[in-house]
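In what follows, chain A forms one complex with chain B and a second complex with chain C.
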Partner chain A sequence: MGEGKPKVAFYWCAACGGCEEAVVDLAEKILDVIQIVDIAFWPVALDFKRKDVEELADGQLAVAFVNGAIRTSEQAEMARLLRRKSKVVIAFGACAQMGGIPSLANLWDRESIFRAVYQECPSVVNEQHTTPQTQYKEDGRTVTLPVFWNTVRTLSQVIDVDYSVPGCPPTPKLLLDAVETLLSGKLPPKGSVLAPDHALCQECPRRETRPEKLLLKEFKRPHEIVADQETCLLAQGLLCLGPATRAGCGARCIEGNMPCTGCFGPTSRVRDFGAKALSAIASLADSNEEAEIGAILAKIVDPVGTMYRYSLAASPIRRRRKGGE
Partner chain B sequence: MQSSDKKSSTEGQFEPRIVAFFCNWCTYTAADLAGISRMKYAPNVRVIRVMCSGRVDPQFVVEAFAKGADGVLIGGCHPGDCHYQEGNYKALRRTELLKRTLAELGIEPERFRLEWISASEGEKVKAVVNEMVEQIRALGPLRMKELSKEEQTLEEEQAPEEVAR
Partner chain C sequence: MGQPESSNTQTGVRRRLVIDPITRLEGHGKIDIFLSEDGEVERAYLQIPELRGFEKFAQGRPAEDMPQITSRICGVCPTAHHMASTKTLDAVWGVEPTSAARKIRELVYSAFMMEDHALHFYFLGAPDFVVGPEAPATERNVLGVIAKVGVEVGRKVIGIRRQLRELVALAGGKAGHPVLGLPGGVAKRLSAEDRELARKVAAEAVEFGKFTLKVFADVVLNNSGYLDMIRSETYTHRTYYMGMVDAQNRVNLYDGAIRVVTPEGKEYAKFAPKDYLKYIAEHVEPWTYVKFCYLKPVGWRGFVDGADSGIYSVAPLARLNVADGMATPEAQAAYEEYVTRLGGKPVHHTLANHWARVIELLYAAERLRELAEDEEITSDRVRRLPLGVPTEGIGAVEAPRGTLIHHYATDERGVVKKANLIVATQGNAARIAMSVEKAAKGMIRGGAVDEGILNKVEMAFRAYDPCMGCASHALPGSMPLVVRLMDRAGNTKGMLRRGENGSISKEF
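Up next is the complex of A and B:
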């Protein structure tokens, strides 16, 4: 690894690991990447330790790609450390950018999550009611564990973030483009999302089949129909979030005949993705009668899990309110 | 709801803060009429005039709650009366789904209301506002902003000392 090349770090917080896969999915292109950058920290793939980051001078890393939401105090600590050591920090993927699926846990809190996971789950045997403690003493030694936060946060709610790369996970192409953009020296305005700024529908391969006026008497779930492979999925009644979602994914789900679930988040004109997606979808209900509208929309069984699937932590509301029923 | 929750940050009785989006053609005019007719109603609403109830993006409602509103009221023309033909129907469809979404997030249905109030129904503005204020007074403050701040402080206190390096 060369000395003069810009140093890059990859780190994984509260996420499934798919974003790390996206880096691996560069396949042989990763050879091109390491031609131009030096990977200084990538614990999931290579033997790096925390001290490797600590030993760097502040700002010595050119870029840190941080994936995952922030759920524990340890993740927050690593995020702060990487922030200090990096010139540019990128929220990589939907979880870092908007909280992602882990932030749906904000519908619960630490107590109810611990109860479910360590007590109530049918496969759990825990007669001593053991739950993780932040400190444990044995033989005069103290063992510590990070604090499990009550609320999952986005990366930018914990540290200053320069750019985001959206997606669950981002495509390898977006990652390559991001590296290229950063190395070109022509930096976009701070806070930019490094992907096109228009809705997925605009570049959808089925765009031509979308009717001008689209109204639905019934929403359908993917397992209920055999979806036609060429017609707009929304027109077929499937709940596709393409109208509200940022493009840049190459319509991979649509290519797989599955509706968009919104992982690329909103365009720059939208502040709260879930509310905007809700607005786009609810307006399609083909009725003017309150009862009938209710019946049509009742097919959307879990509105928060559907509209805020990847973005609950980023919403102004952020979590289920304590005390509210 | 615990009794301590009912106390407002200011002294005395809790006064709900309600953000009201009134459509220019019907409900706003009705509120005007209520004023001209010297009707008295609870001073807890902050009215925002919009051209149509269909203009009220669910984002506005979410933002209002997050920034400290205890309730949100949308007022539009009666079905069939919309100045723009069907803006109020769009509002109705969104309200259906938004209500369920907010409930899932712990915001009671009484805190978010859609009402059809025509330009001649000044009396209805008064009745709806008064009723909503009483319902929310009974529920207590929403405190979204405060809860989020308190939690952040708590978590910062709990965090073990970072090893300074």
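Up next is the complex of A and C:
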């Protein structure tokens, strides 16, 4: 462990592990990365632990990349610890930045999730109505489980965050760029998202096929048509969120011939991704009649889950208010 | 460092040991071990401290988005969820995928399965054997493996995984959370150039599979100590086994019937995935968030093995137990040696999962090669339309960690009303819990606890692929651990820490 090299930490909270794979997907380049930085903490891959972080001086870590949303007090504690030890904290990936898909749980509450999982699933046999307990006593023994918050939060709703790297997952290139930028000493303004600041459409490989003035009488769902592999997906009627979504992903889903679902979030000019996405899509409705516009938009069967797929926790809505039903 | 200090052998009071990765990470397990007054293990609980509730927030989502939503259950095996979900959509809309689409899906799936198994073997499993279960913890990780076998091998592992993941991305947009699945087929055609690339990668993959099997033979099979450990009673449970088979009862990872064999190796059931509710039930315990699967007709009898207990096991060991063989020649030869050397089937030795996994790795590579050779994968008939009226559907695949079943019911617009997920890890949850307890009971005697015990308890669950919440896969060979010794009131009496360098420190 070279003493002189800047120290970097990777940590995960409520996440699927895909952001960790993004680091592993550096593949051979990870060998270059460890030439220029010391990975001082990365529980998923290296044998450092919380105690090692606690023993660092405040601010001794150059950068902490934290992925995942925050839904338990333990995750919040770890986030606060890393904040204290790091000069720069980066919300890495869609869940840390905006809540991600796990924050769709904010459409419900803890009780209804427990009921669905431990009672209502058809394979569950649970006549005693057992549910996991944060403290359980059996035969004089006590075992404990962490408490889950009712609401999933973004990282910046819990600690001060310097930058974000977007994506579900981020690309290895964005990670490499972020490391290089931070090591260069030329720090971007605080709060920056470390990715291009324009809409995906601008760098879409199909941009030339998008009509100047695009208007649609009907939206299609991806399973309803066989999409042409060369033509703008919006022009084919598919709900592609490219116009509202930040670029930098390499248009990977579109390369897979499927529409953008918005995992890179908004550009810097937009605060509420879902509202922006909805207005971008609604403006495509080819009608001036309110009823007809309504009928066109009714084809979007799940507006909240579609427009806020990755950003419900970050939205002004944040969560459904009560009960969840 | 490395050499544990003298054990704590305190007796005379009942104690509790908590084994917990310092950072209680999502997807990680936590183990509570309770010791009697004479220092013997009374009970060990393996706890899963997480829940995300996908079954609930699937409600209201368009079904066609489910392959992309459910892949976020696990970013390490997203392709397994993606594919199970896509097959569920076939059933929901009552459509068969075209022949070309089916082959493209299985090609992608084979590439994924191989890179996933390679990650587990080299990063997780191998360190215990290549570096050694008693080796200093500081060396017992993937870097230690590379140090032993050479950096060229390291580059080989990294390189083949990268190529396989690029292949998945070619067909599915990206390897992390791919997007290819649609009811009745796949979203994208493959070109002739794509197929050429697939052929090239597949050829390398098969060579890599054979190489990996040789590594396993050299390191493990040629070491009688390891074979004894694999066969030891401490790492053995006699349970039912479940896995998917083709029409000839050979292992199939993408499709087939689900077969169950008894602890004696007799066929207990063979059923279509759509009938899973007749056979599979989930049990809830108050001390963990994970649900425990068991065979419904046999029933839940608690954490015990044997034919009267409904507990079953899934994943590589189970798949090789339920099948009559492998569908590809090199893997079949390896399978035959496996069965012979382990004394016939069923193989009940938990650590044999490692061997079964590398045999499957080779099978996945050979299957990838067969599919890449098939010209039909460049057909433009990759979708079947029109679809039926959406209602309800069930789909299954063999995930790296076992049988994975998705089940959705929708309204007439195809919006999900109900979702049920039988995730692979759940199929092993009960047996893993038993394995950990048995390892603890077998090794903690008279209250003695040291670093070697910590690793051997870890080995009891690592063999299954310690991906507890279907979340973490890239774990190192040894996790940082803390064992807290507590009295019954929960007061900390002392602490053992295994440090970053593998050293053990005691605080009493």
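Worth pointing out:
The rule is short, and it goes like this: the second predicted complex is superposed on the first by the 315 of 325 C-alpha atoms of A that agree within 3 Å, B and C clash if a C-alpha of one lies under 4 Å from a C-alpha of the other, contacts with A are read in each partner's own complex, and residues count from 1 in each chain.
One rule holds in what follows: a contact is a pair of C-beta atoms (placed from the backbone, for glycine too) under 8 Å apart; a residue touches a chain by one contact, two chains touch by 3 or more.
All figures in this text were calculated on a predicted structure; none of them were measured in a lab.
Once the two complexes are overlaid on the shared chain, A:V117 sits against chain C while remaining clear of chain B.
In the superposition on chain A, A:I36 contacts neither chain B nor chain C. In the superposition on chain A, A:S73 contacts chain B only, with no contact to chain C.
Contacts of A:L187 after superposition: neither chain B nor chain C is touched.
In the superposition on chain A, A:M258 makes contact with chain C only, not with chain B. With both structures placed on the common chain, the touch criterion links A:H223 to chain C but leaves chain B unconnected.
In the superposition on chain A, contact is made by A:A285 with chain B only, not with chain C. After superposition on the shared chain, chain A has more residues touched by C, the comparison being chain B against chain C.
By the touch criterion defined above, A:E20 lies against chain C but remains apart from chain B after alignment on the C-alpha atoms of chain A. Of the two partner chains, neither chain B nor chain C is touched by A:L214. Shared contact residues on chain A (touching chain B in one structure, chain C in the other): 107, 146, 302. Those residues of chain A that touch chain C in the shared complex are 11-22, 24-25, 27-28, 30, 43-52, 68, 74, 78, 100-102, 104-105, 107-108, 112-114, 116-118, 120-126, 130-133, 136, 138-143, 145-146, 148, 168-169, 221-227, 229, 252-258, 261, 301-302, 305-306, 309.
By the touch criterion given at the top, residues 54, 73, 76-77, 80, 107, 134, 144, 146-147, 149-151, 270-272, 274-276, 278-279, 281-285, 287-288, 290, 293-294, 297, 300, 302-304, 307, 315-325 of chain A touch chain B in their complex. The part of chain B that touches chain A in the complex is made up of residues 1-2, 5, 57-59, 61-63, 65-67, 79, 86, 89-90, 92-94, 96-98, 100-101, 104-108, 142, 144, 147-148, 151, 154-155, 158-160, 162, 165. The residues of chain C lying in touch with chain A in their complex are 14, 16, 21-27, 32, 34, 42-43, 45, 47, 49-53, 55-57, 59-62, 64-65, 68-69, 72-76, 78, 89, 93, 119, 137-138, 141, 155, 158-159, 161-162, 165, 169, 171-180, 182-184, 187-189, 276-277, 280-289, 291, 293, 296, 300, 382-383, 385, 387, 407, 413-415, 418, 420, 422, 471-476, 478-480, 482, 488, 490, 497, 499-502.
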